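What follows is a group of structures, each given as structure tokens.
Next come two complexes built around chain A: one with chain B, the other with chain C.
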Partner chain A sequence: MKKIALTKLDELFAAIAASKSLYLPVDTEKGAKYTAWTEGAKLSEATNTVRSAKDFFFPQVEDMASFKVEGKKIEVIDTRKEAEDFVVFGVRACDAKSFEILDSVYLVDPVDSYYASRREHGVVMTLACSRPTETCFCKAFGIDAAEPAGDISCWKTEDSLLLKANTEKGQALLDSLSMLEDAEDTAADAVKAATREIVEKLPLSNLSTDAFGGDKLSALFDSDKWESLSESCLACGTCTFVCPTCQCYDIRDYDTGHGVKRFRCWDSCMYSDFTLCAHGNTRTTQMQRFRQRFMHKLVYYPANNNGVFGCVGCGRCMRSCPISMNIVKVMKTLEG
Partner chain B sequence: MREETLIPKIGVVTDIRVDTPDVKTFRVVGLDGKKVFEHIPGQCAMLSIPGVGEGMFSITSSPTNTEFMEFSIKKCGCLTSWLHMMEVGQQITIRGPYGNGFPVESDLKGKDLLFIAGGIGLAPLRSVINYVRDKKENYGSVHIIYGSRSADDLVDYQEIIDEWMADENVKVDLTIDRPQEGWDGHVGFIPSFVEELKPDLSRTVLICGPPIMIKFTLDGLKKMGFEESQVYTTMELRMKCAIGKCGRCNIGNKYVCKDGPVFRFDQLDELPNEY
Partner chain C sequence: MQEVMKKRASELLADGTVVRVLGWKNGEFAYDPTPAVFQTVESLEAFVYNDFCASNLSKYLIKFLRQEGKTLVFLKPCDSYSFNQLLTEHRVIRENVYIIGVPCDGKVAEDKLREKGAEGILGIETEGDQIKVKTLYGDLDLNKKECLGERCLSCKSHQVVVFDEMLGENGEENPDCGRFDMVEKLEAMTPEQRFEFWRGELSKCIRCNACRNICPACSCEKCVFDNPASGISQKAAADSFEENMFHIIRAFHVAGRCTDCGECSRVCPQHILLHLLNRKFIKEMNECYGEYQAGAEAGSRAPLVNFTMDDCEPSIIYTKEAGK
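For the complex of A and B:
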């Protein structure tokens, strides 16, 4: 375990930013947002960022390839570049877990090279929560807010930042930071206990997942509660947008005037054209689309991933949904 | 950078056959004049015209064809309309092969086979039919029941007449939906035609066609005594990535692009009825 005084945080960030791009949550008018570090940037105290950290590895829009078209001829241009080294600081335990969930989609054969390159070049420095709030329910999915994963885990005590490397990549970064001092391995115990004590008292901490999982497919799919649950869904896709584990994408072509750019962008199963084919649509009603999103997280994903759920309990959908629908309401209604 | 399946290769269209008023069969090779990749019958490829879009198509030629791949494509949307406007020599992009394919080297080996196809549904089955014909020592007899709206809508008609009907190991029964001048063959829908023909219950069945045809044919087969576990079909849903990552072609926890497109009906029974 290493430590640095909180008064010297700027020095730490400057040292990291000297060799790699550094991003951290900074307060803006619209809430906390991951921002590239510049001198004087202040680390947000917010429980979490408005948008998740998935952008770092799975950006909202990215180029895939280009084509030159001339008469009947086509040339394929591989426009990929190896990602540059970067560090993202202040990732919470829930978002750190979401990376594992994205990994099990994008890093399984055939590996997604765009995502893989960013994962290889990114160092994730997590920060344990000190003030989990009433919209947090990571504990329901087996996540410990006081013990976040990542390449380096950090804890904030009253006067210091404690840092522990979990991977070789994390260790290499810590080794390069000469201003760090040694700390006792037990130095974070008190703040961990304080966080866990708050988590215990949170209203959603004991949300049960017993009614869900890969083996509950037909009972849940056929539930008559989907109709009423989805009735007021506007199909805006905000839940998908802010969700750290939503990873569906679209591939589109764009004629630049000098050629064709093929790019991918986030997509949402909540949209009516998501499954639209020339010959028809497999999900014609919003109820079916709504059901797909929650079935994916609570049943289909666990069925394919040894029971791990596709939700990390970050609570963003709860805060962002314009009609106040969210996964907790869905779970409680289906279960009850 | 590592290999990326999402970045396609170039294919050249070397021949275009007009099969029906809305189906054309395109012959495709790589820039070097050879096959772009090898495949298993029932597998698919992503074809695209840059700037228009990309779509998944079954490879209708058999892997035993060592020279080229063929795609029978029905004009029914934006991309397929563009593909139908192509001339010989046009380049397209191609990537694959994707999907599981039919179990030609395992479960189908040594079996008597019954193929039931409706309209363009013959395209994925033609790959298996020609594969089985080329390797007839490994399979039993072949019975093909094929139907279409009209005689003009039968895909691969010349090949059916010249090659399949001439093959002594193959029995072909054709039908069209409505009577038509110059047609002296069977008239009627496929499900009732199958029931009339009383196919041998020991056959393994491979079926592909419009969803409504599949549904009624399967009901009829079950009534005759066929088990769901001896009937295979191949599915088609909206796809973007073709490798189980973009998230849109799922039926329950299975992705049609990588876990399918070939499924047995007893396997489909375990999945939600959302296809």
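For the complex of A and C:
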């Protein structure tokens, strides 16, 4: 394990940013946001960022190709940009786990080369939580807020930042940072214990997942509770867009006036044209679309991924849903 | 107030006046009630009305337009303006709705509590203007006025403008609310500064459509942005031009119909100051055609769909510009 004094954090960030783009959570007027580090940028103390860290690997909009049309001639232009090397610092345990979930979708055959390239070029430096909040329920999904994954895990003690490499990529980055000092492997034990103690007291830490999983399909799908759960859903895409594990996308064409720009963008199961096919739509009501979102996370995903749930308990949907409907209310209602 | 509302809802359900009640249901925490439909007296157990019941319930009534039976709805002052506007546009049928007006002195915004350091919220108690927040990291005593949602800080009216019965005392209009102050600040900017301000705001948009879907004025059966035949249907802004245009087009579409309920800005997960676009339109119309408040009266003709001999000529734009 390595360490550096908190007073020297800027020195550390400057050293990382010297060779790679460095992003970290910075406070804005309305919550923390991943921002490119520049001299003077201050690491946010917020529990988590408003938007998730999935944006780094699976951005909302990504250009795929352009078509230039001149008369009957169509020119296809490859607009792909090589991903640059980057480091994202301050990722929480929940978001770090979300990368594993995205990997299980995008890095299996056929590999999504756009996503894979970003994963290869990115180094994830996680930071253990010190002030988890009431909307956090990562523990319910077996995530330890005190032991975040990533290429490098970090912990903040009263006066230092502790760093531990988990991967070769992480080790290489730590080796390149000469200002780091050696630390005992047990140096983070006290802060880990403190975090876990708080997590135990969180109101949602003991949220039960017993009623969910790949083998519970029929009973849950046919539940008569979906109607009332979804009755006030606005069909906006907020929950899906702030969610670190929502992974659906659509490919759209944009008429530029003199050609076509083809891009992919986040899709949302809440939208009326989600999975619209030539024959029509398989889900014609908002109840069905609403159900899809939760069935995906709590039943379909675990059915295909050895029981792992497709939610990491970050709580972003709880904070941003315009009508305060969310996965916790859904789980408690379905189970109750 | 909550208990009185529950009692009236129970009575009206029990005597058959209404078949359903549209209100708010208690949530997981003290601050997250959800709009809900109650069809039995027993289900009203979960009914809640508190400082966090911010959702405007008017738009949900469109859903019940074609359903049997009367719906009881609780409307706060700003929601009642929206209801009138929906009536004007024939999106709801007055006879199918039983309205109970409830007074409102502003709703508390969860993010304001967070800004004041409330994390790990375990409980919230309100006493008059005092909000006591119990958190994992210590208790906070906050002033309600300082925790109100942005729109409530410049509330145009505390008056419920349409109701069958009113619970508590109805409030009054609040002409000195200063709701155009920020618009005036924007008007005073140079075009470059103003463009920069709006790019800063609109570039935050993630096209989640929350603003559109919550907006009582956005009541089209199929939105132009969801219609593949429109040529502009999109799920994400393909470029900065589209980013701007989505909101500007929406503001044009609701011009003269927007009651300034402020739901758009309240629900925006990116905290874009969307209501300022609408307020600019309202202010312009007030200046060009005389004061007009959408939703103040059902059936009123908005300036943009009306013609009078006194109407200003299109050249007013140049006259106004020259006057600056």
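As a convention for this text, the second predicted complex is superposed on the first by the 324 of 336 C-alpha atoms of A that agree within 3 Å, B and C clash if a C-alpha of one lies under 4 Å from a C-alpha of the other, contacts with A are read in each partner's own complex, and residues count from 1 in each chain.
Convention: contacts are C-beta pairs under 8 Å (C-beta built on N, C-alpha and C of every residue); 3 or more make two chains touch, one makes a residue touch a chain.
Here the structure is a predicted model, which is why all the values come from computation and not from measurement.
The superposed arrangement places chain B and chain C next to each other on chain A without a clash.
Aligning the two complexes via chain A yields an angle of 90° at the C-alpha centre of chain A, spanning the centres of chain B and chain C, rounded to a multiple of 10. Shared-chain residue A:D255: touches chain B and chain C both. Once the two complexes are overlaid on the shared chain, A:A36 sits clear of chain B and of chain C alike. Residue contacts after overlaying the shared chain place A:A5 against neither chain B nor chain C. Of the two partner chains placed by the overlay, neither chain B nor chain C lies in contact with A:M179. Once the two complexes are overlaid on the shared chain, A:D267 sits against chain B and chain C alike. By the touch criterion stated above, A:Q60 is placed in contact with chain C alone, chain B being left untouched.
For the pair chain B and chain C, the least inter-chain C-alpha distance in the overlaid model is 8 Å. Overlap of the chain B and chain C interfaces on chain A comprises residues 250, 252, 255, 267. Within the complex formed with chain A, the chain C residues making contact are 27-29, 32-37, 55, 60, 110-111, 114, 119-122, 135-137, 206-210, 212-214, 226, 228, 231, 234-239, 242, 263, 266-267, 269-271.
Of all the residues in chain B, the ones that touch chain A in their complex are 1-10, 48, 50-54, 76-78, 80, 87, 89-93, 236-238, 240-241, 243, 245-250, 252-253, 270-272, 274-275.
Taken in their complex, chain A has these residues touching chain B: 64-65, 67, 69, 72-76, 78, 80, 82, 105-106, 110-114, 116-117, 214, 217-218, 221, 247-253, 255, 260, 262, 267, 269, 274-279, 282-283, 288, 292, 295-296, 299-301, 303-304. Remark: chain A residues 29-31, 47, 50-51, 60-61, 131-134, 198, 201-204, 228, 231-232, 234-238, 240-242, 250, 252, 254-255, 261, 263, 265-268, 271-273, 318-320, 322-326, 328-329, 332 touch chain C in the complex.
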